[in-house]
């Protein structure tokens, strides 16, 4: 059966602050600039979750899009939407709240929650409408 | 000369919390739900600023787009980008940080800063990619 | 209090066919072309629902966006999503399934379901990414 | 019958230069900056043409979208796509090639070409993905 | 010469129904839910066709975008636009009308219709603005 | 540390003409059609610059997005925005101004300007909202 990649978009609105707790305020301000604002700022993150597998002969599906959305909703969106990435998300503890660290942490939330025969292929996380990060598990 | 409306888009990333300080935490949670999260959440706000006037015969412009952007940048974007709407923006003091209050406050920041003969016509503020508010000064 | 307009986007995927049942197949084909295909075709309709009112002093809201979405979901989206506009939607009975008739019918579904002090202001219905219709109740 | 507004999007790719031929090069550079580059620059213009009228009882249409597209194609797109606004478009002769002048000139190309009972309501012209101009015939 | 990938977007509006004809109505409803609606539903499919090859020295093109559009128009869009995927498209006969099966079938329509030296590289098919499928021929 | 790809979008408005100077006007018109218009046409090019590297442990960044934008701004956007690709851009001299040649030339402008440990991964250049080209350095 053909190997097809399928992608579902979700989004969540969250506050964050990019800073290194081991550094002084001056060093954080110097390196991260406005992103280190102690009073936080925020984004409407858009996440594209891509999974890959052979099409099932009986359904014509790699995986039901409703099931894919459901996994991403419970494992990621419910945990991040209307939350503070630094304070409210246990699986971001000890990590700098950069888009890079968020996308890698989301990978860990999803990689072993997919049906047999379906592999997590790529995550694309837009932090603003102008820039995004991608992670493929390497 | 013809009356033309011109619009410039800008955006800013900010944290906020929607709550009424005169209410208990329970009442805030009941009315505002996740929007009242004490740890904040955030958005990539997109703002469309529309101004209107007669075209100038010598330039073919209602107003130079670069000048329009410059006014909005200094009066709004520099004040809100990578900031906390509730804590960092003096002209939001005492106002609930709803999209409605933000758009009305932005009106006040811009309405008397335009060249003679050019009127602020409408502000459109997208809080997420799914919803927005509009204000025309009434 | 300021008068603000707020808008929520929703979408639904539906099949339809544009034809006049009082006409012959030839006349329908001549007037409506491919839109009259007896085997149906379909769209991902995007609907923007705009309501208007004075901001509430205690909440900073014209109307809670969650409530607006909830009304539109139950009165429109649940009735049209993954449905056939001509066959499955009772309140389209006897109407040609043009975007114009759909948007006017949706107006009737929503106009008296809003909270006191909030008026339905405009509906914008995109039938494809290239064209849309608007209705303001006149 | 209800009054409905319908809108069709088209686009065209064109070169232009914003400058006043009665001014010196220095004055043009001072006022228009990079927009006055003598070697031209260009845009992918997106035009939204909105017309308004009562729905026809027999078709459910204000106007057939195919007919609307056809008028805009022959009267505007064919004349501007892959052209130089300053050099190749006779009805822009003597006009500064600002977005404002273009949108007003397009109005003149379309206003008397619509079916009886259908009025040109608004033109929206995006010059870049960040700014646009609107004209309603006043 | 450098190896470049070029992509053209097209779209088509179609009705479909996702169901397995070898199953009972109950089983189809259970597995496919609303997607199995016997009265059909529909989408504005957006298709991105990516081809790859070495740039031609004389034209600077991998392949003329007009030719690419022309092939996709005649081989795919003309066959699917304003059609019913299940009933009107011969090359979907016997296939469940999932996005996965559609994208694989479109691959078969295009793969041997490209100029020498140009390879079909990837197809991306958006079924709604929230989800899409990709196929690269494996 | 995980390998992450990060992408920044920029845009520039430019005029160009696609033609082969070694050919007659007739041959150029025959091959390139409207794209060869001697009076030029233009586009709002959108460029997505993707770079890849291991995340830095101290910042959580592959590379600061501000630095990435800064490199692309000075090496590409400042050289192309409001310019004529054929006449004003020295590093396009002698090259046909196709999207393919532009994207390959931009690769040359950026590939050796990135910080140690960060590799240019892919460039995606949209010439219009309907088509784009990609180059990965091969």
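Here the chain labels run A, B, C, D, E and F in written order, and each chain numbers its own residues starting at 1.
Everything that follows uses one rule, which is that a contact is a pair of C-beta atoms (placed from the backbone, for glycine too) under 8 Å apart; a residue touches a chain by one contact, two chains touch by 3 or more.
Everything numeric here is computed off the predicted structure, so don't read it as measured data.
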Shared chain contacts [chain E and chain F, defined touch]:
A
Shortest path length from chain C to chain F (each step joins two touching chains):
2
For A-B, which listed pair, E-F, C-E or B-C, repeats its interface with over half of the contact pairs the same?
C-E
In terms of C-beta pairs in contact, which of D-F and B-D ranks higher?
D-F
Can you name the chain that lies farthest from chain E, using the mean of each chain's Cα atoms as its centre?
B
Could you tell me which chain lies farthest from chain C when each chain's centre is the average position of its Cα atoms?
F
Rounded to the nearest Å, the gap between Cα centres of chain A and chain E is 28
With chain centres taken as the means of their Cα atoms, state the distance from chain A to chain D in Å.
41
Whole-Å gap separating chain B and chain F, where each centre is the average of the chain's CA atoms
33
Within chain A, the set of residues that touch 2 or more other chains is 33
In contact, pair by pair, are chains A-B, A-E, A-F, B-C, B-D, C-D, C-E, D-F, E-F
Help me check something: in the complex, which residues belonging to chain B touch chain C?
18, 20, 31-33, 95-101, 103-104, 130-136, 138
Parts of chain C lying in touch with chain E, wherever the complex brings them together:
11, 13-16, 33-35, 37, 39-44, 46, 81-84, 87-88, 128-129
What part of chain E is in contact with chain F in the complex they form?
2-9, 50, 55, 58-62, 64-66
